[in-house]
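Please go over the structures that come below.
Okay, so chain A shows up in both of these, paired with chain B first and chain C after.
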Partner chain A sequence: MAHQAHAYHMVDPSPWPLTGAIAALLMTSGLAIWFHFHSTMLMTLGLVLTLLTMYQWWRDIIREGTFQGHHTPPVQKGLRYGMILFITSEVFFFLGFFWAFYHSSLAPTPELGGCWPPTGIIPLDPFEVPLLNTAVLLASGVTVTWAHHSIMEGERKQTIQSLALTILLGFYFTALQAMEYYEAPFTIADGVYGSTFFVATGFHGLHVIIGSTFLAVCLLRQIQYHFTSEHHFGFEAAAWYWHFVDVVWLFLYVSIYWWGS
Partner chain B sequence: MAMSPTAMVARRALAAASQGSHEGGARTWKILSFVLALPGVGVCMANVYMKMQAHSHDHPEFVPYPHLRIRTKPWPWSDGNHSLFHNSHTNPLPTGYEGPHH
Partner chain C sequence: MKQLWRMRSGSSGSMAARLLLRSASRAAAAVYSRQPLPAQAPVRGLASGGIPSDDEQATGLEKIVLEASKKGTDPYNILKPKEYAGSKQDPHIVPSITNKRIVGCVCEEDNTAVVWFWLHQGEAQRCPSCGAYYRLVPHELPH
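== the complex of A and B ==
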C-alpha cells in the first residue's frame, strides 16, 4: 500500500517479544537451578538476553517515534494510557507488600514478644538517614519538574542541568540506602520484621535504580536533540515513573520507618 | 470517585504538561530547586552528621532469640550462613558475633 489512510501505528513484525519471553523463562528457571544446583549459568544467560531485548526493543521504538514519525497524537495517547496502566499495576505490586507489613505489625504474635518492633530488633532511627533519603527524593521531584518546564520552554541547557541533577539525587539515594543496608543491626533473616523491611524497601530500591536509568536514557536523548518542546513523551513517562517511586518511598517512610519503629 | 495518590500525582503532572505555554514555569522550579529542595537536603545531611557523632559505638549484647536469625534454608552463596549485606560488626550469626570485634 502506498500510504496509510489512518493515524495509527501498525507495527512491523519484531523478534523482541519472543526473545523477551525466552529471556524471562531462562531467568526464572535459572534462579531455581541456582538455588538447588548451585550453577548460575542459565540465570546469567537469561539476564544477558533480557538486557539485549530491552536495549533493542526500546531502540526500535525510538526509531519508530522520533525518526520515522509514527507517534501521532492518537498513538501518543495510547502510549500514555499504557504507561498509566503499567504504573497502576506497580502500585498494586507494592500494595501487597504493605499488606504483608501491616498484617504482621498490627497484631504481633507471641513468638515475636507480642510487640512491634519484635523483641531484640533495633529499628533504624527514622530521623537520621531515612529522613535524609526523604529529602533527597522530594528534592529530585522538584528538579525533574524543573526539567519538564525547561523542555516545554525550549531551554536546552537548563533541561540538561536539571535532568542531570535529578539523576545525581537518584544515585545519592541509592548510595545512602546501600550504606544503610550494610550498617543495619538486623538482616532479612530476622523474622517477619526483616522480611517485610528488606523485601519492601528492596523492591523500592530496585525501582529507584530503574527510574534513574530511565531518566539517564532521557538525558542522553535530550543531548541528542530527540525531544521537542511539544513532543517529549519518553521524558514524561520517565517523570511519572519517578514521581511514583517518590510516592512509594513516602508510604514506606511513614509506615515502616516511622510508625513501625 | 476517589483517586489513588499515584493517579493524583499523574493528573498534576499532566496538568502541568498542558500548561506548556505558561511563561516562567522553568524559572519558578529552578528557584524552588536551589532555595528549598537542595538546602533541605543539606539540612538533613548536617542532621545525620551530627547524630552520627553522638552515637555510642558498642553493639548490643547478644541474646539467642529463636524468632531472629532464622536459618531454615542456607543462602546460595559462600557458606550459606551470611546475608547479602552481612556486616560482622552489627550482624551476629545465630551463634553470636563473629570473632574478636572492634
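== the complex of A and C ==
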C-alpha cells in the first residue's frame, strides 16, 4: 500500500483550494456589487460555491482519514496544531471587537452624554434572557464533555444522546438570541453602543451556528461509526471550538451585558 | 554529537503511549481527559458499548503503524532514534530502504556546519570530520 518511508500524508492533487479561492473572490466582489448595484447574484453564486467547496473538501478529508487510514499519529498531531492555531486566530478576531467596546465604553465621549450606557440607550437586563443564555451554553459545555467521555468509554447510545443534546442547546441559544435581537429596544444604528453590541454579539452568534453545524456533522459521523474510542479527532476539534464559543460568550456577557449595563 | 536525521520526541514511556500521548497532549484548551493508552485502558469494542476501537477499525497506514507499535517496532521512524556512542564497537545504526543513505553529522553540539556524506552498505564508515562510526542497516517497510 504505502511506498513512503514516513508516516506523514502527502495529499493527492485536489481542486478544492482553487474552487475555494474563486468562491471567496466571487463572494467579496459580489458583496461590493450588492452594495452599489443592488444585485445579489454574484454574491449568492460565491456563497453556493463556498458551501460546495467546504462540503467536498471536508468530505475528502474524512475519506482520507477514516476510510483510507492516512491519519497516523504524526498527522493527527499536525491537525491538532492546526485547530489550535485556528482557534487562536479567532480569539484575536474577537479581541478586536472587545477592544472597540472598551475603547468607547471606558471613556464615553460628550456626544454620548459622558456616560455608559449612552444617554437614551435602554440596555437589556443582564439577569433575564442573557443569563438564561449563559446557563444554556454552560450546560452545553457539560453535555459535550459527557459526549467525549462516552466516546472514549465506547458508549455509543450515550454519545449520540449527549451530542444531540449539545446541539439542541446550541439551537436553543440561537433561538433565544434571535428573539432578543428582534425585541431589543435599540438597533445597530444606535451609535457606538449599537455598533459594538450587535457586531460583537452578532459574530458570536455566527460562531455558535458554525459550532452547532460542526457538532451536527460529528453526530452524523458518530451515527455512521466513523469514530473509534481512541481516534476521534474530528469530534475533539468540534468540542474545542464549542468551548471557545462558550468562553467568548462568557466574556461578552460579563463585559457588554453586565458591566456595560 | 547529534545527527540531523534524528527527530525530537517528548517523554519516555511505552511506544504506543508516546505516540498517542504526544498527540493527545495538544488539547491545551480542553478541560477534560486525554485519550486512554491503548496498551492499558480496557476499551470495549463494537460488541459491548457500540463504538469500535482502533484495533477493530483502523485501516491503511494508521493500522500498519498501530500494529507495529504493538509489536514494539517503529518502521516509519515516528519516534526519536536510539542514541549510540558512535565508536567502532557501538556505531550509529542508520536504517535505509536502499543500499545507501545520506548522513548529516553534527560533530559537536551546536555546530552549524553539518558534515554530509553518503553512507554505503557494508563496513561501518567514519565521519570525515569527527571520525564517528556509522553503519547502514537494511530496513524493511511494511507494505
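As a working rule, the second predicted complex is superposed on the first by the 259 of 261 C-alpha atoms of A that agree within 3 Å, B and C clash if a C-alpha of one lies under 4 Å from a C-alpha of the other, contacts with A are read in each partner's own complex, and residues count from 1 in each chain.
Simple rule for what comes next: a residue touches a chain if its C-beta (ideal position, glycine included) is under 8 Å from a C-beta of that chain, and two chains touch if they have at least 3 such contacts.
Predicted model only: the values in this text are computed from it and were never measured.
Q: Chain B or chain C: which reaches more residues on chain A?
A: On the superposition, B touches more of the residues of chain A.
Q: Taking the superposition as given, does A:Thr187 touch the first partner, chain B, the second, chain C, both, or neither?
A: first
Q: Give one of first, second, both or neither to describe whether A:Glu236 is in contact with chain B, with chain C, with both, or with none.
A: Both: A:Glu236 reaches chain B and chain C.
Q: Touch test for A:Arg156: chain B only (first), chain C only (second), both, or neither?
A: A:Arg156 contacts chain C only, not chain B.
Q: After lining up the shared chain so the two structures overlap, which partner does A:Leu132 touch, if you call chain B first and chain C second: first, second, both or neither?
A: In the superposition, A:Leu132 touches chain B alone.
Q: Contact-wise, after the overlay, does A:Ile121 reach chain B, chain C, both or neither (first, second, both, neither)?
A: Once the two structures are laid over each other on A, A:Ile121 reaches chain B alone.
Q: If you stack the two complexes on chain A, which partner ends up touching A:Phe35: first (chain B), second (chain C), both, or neither?
A: Touch partner of A:Phe35: chain B, not chain C.
Q: Just checking: does A:Ile87 make contact with chain B only, chain C only, both, or neither of them? Give me first, second, both or neither.
A: both
Q: Is A:Val142 contacted by the first partner chain B, the second partner chain C, both or neither?
A: First partner only.
Q: Is A:Glu111 touching the first partner chain B, the second partner chain C, both, or neither of them?
A: first
Q: Enumerate the residues of chain A that count as touching chain B in its complex and touching chain C in the other.
A: Shared contact residues on chain A (touching chain B in one complex, chain C in the other): 84, 87, 145, 148-149, 152-153, 155, 229-230, 236, 239-240, 243-244.
Q: Enumerate the contact residues on chain A facing chain C in the complex.
A: Interface residues on chain A, with respect to chain C: 1-3, 5-7, 67-74, 76-77, 80-81, 84, 87, 145, 148-149, 151-157, 159, 225, 227-231, 236, 239-240, 243-244.
Q: Inside the complex, what are the residues of chain A that reach chain B?
A: 34-35, 38, 84, 87-88, 91, 111-113, 118-122, 125, 127-129, 131-132, 134-136, 138-139, 142-143, 145-146, 148-150, 152-153, 155, 158, 162, 165, 169, 178, 181-191, 194, 229-230, 236, 239-240, 243-244, 247, 251
Q: Spell out the part of chain C that touches chain A in their complex, as residue ranges.
A: 19-20, 22-23, 26-33, 35-36, 38, 43-46, 48-54, 56-65, 76-78, 97, 139, 141, 143
Q: Which bits of chain B are touching chain A when the two form their complex?
A: By the definition above, chain B touches chain A via 4-7, 9-10, 13, 16-17, 20, 23, 25-26, 28-30, 32-33, 36-38, 40-41, 43-45, 47-48, 51-52, 59-60, 63, 65-71, 76, 83-87, 90-91.
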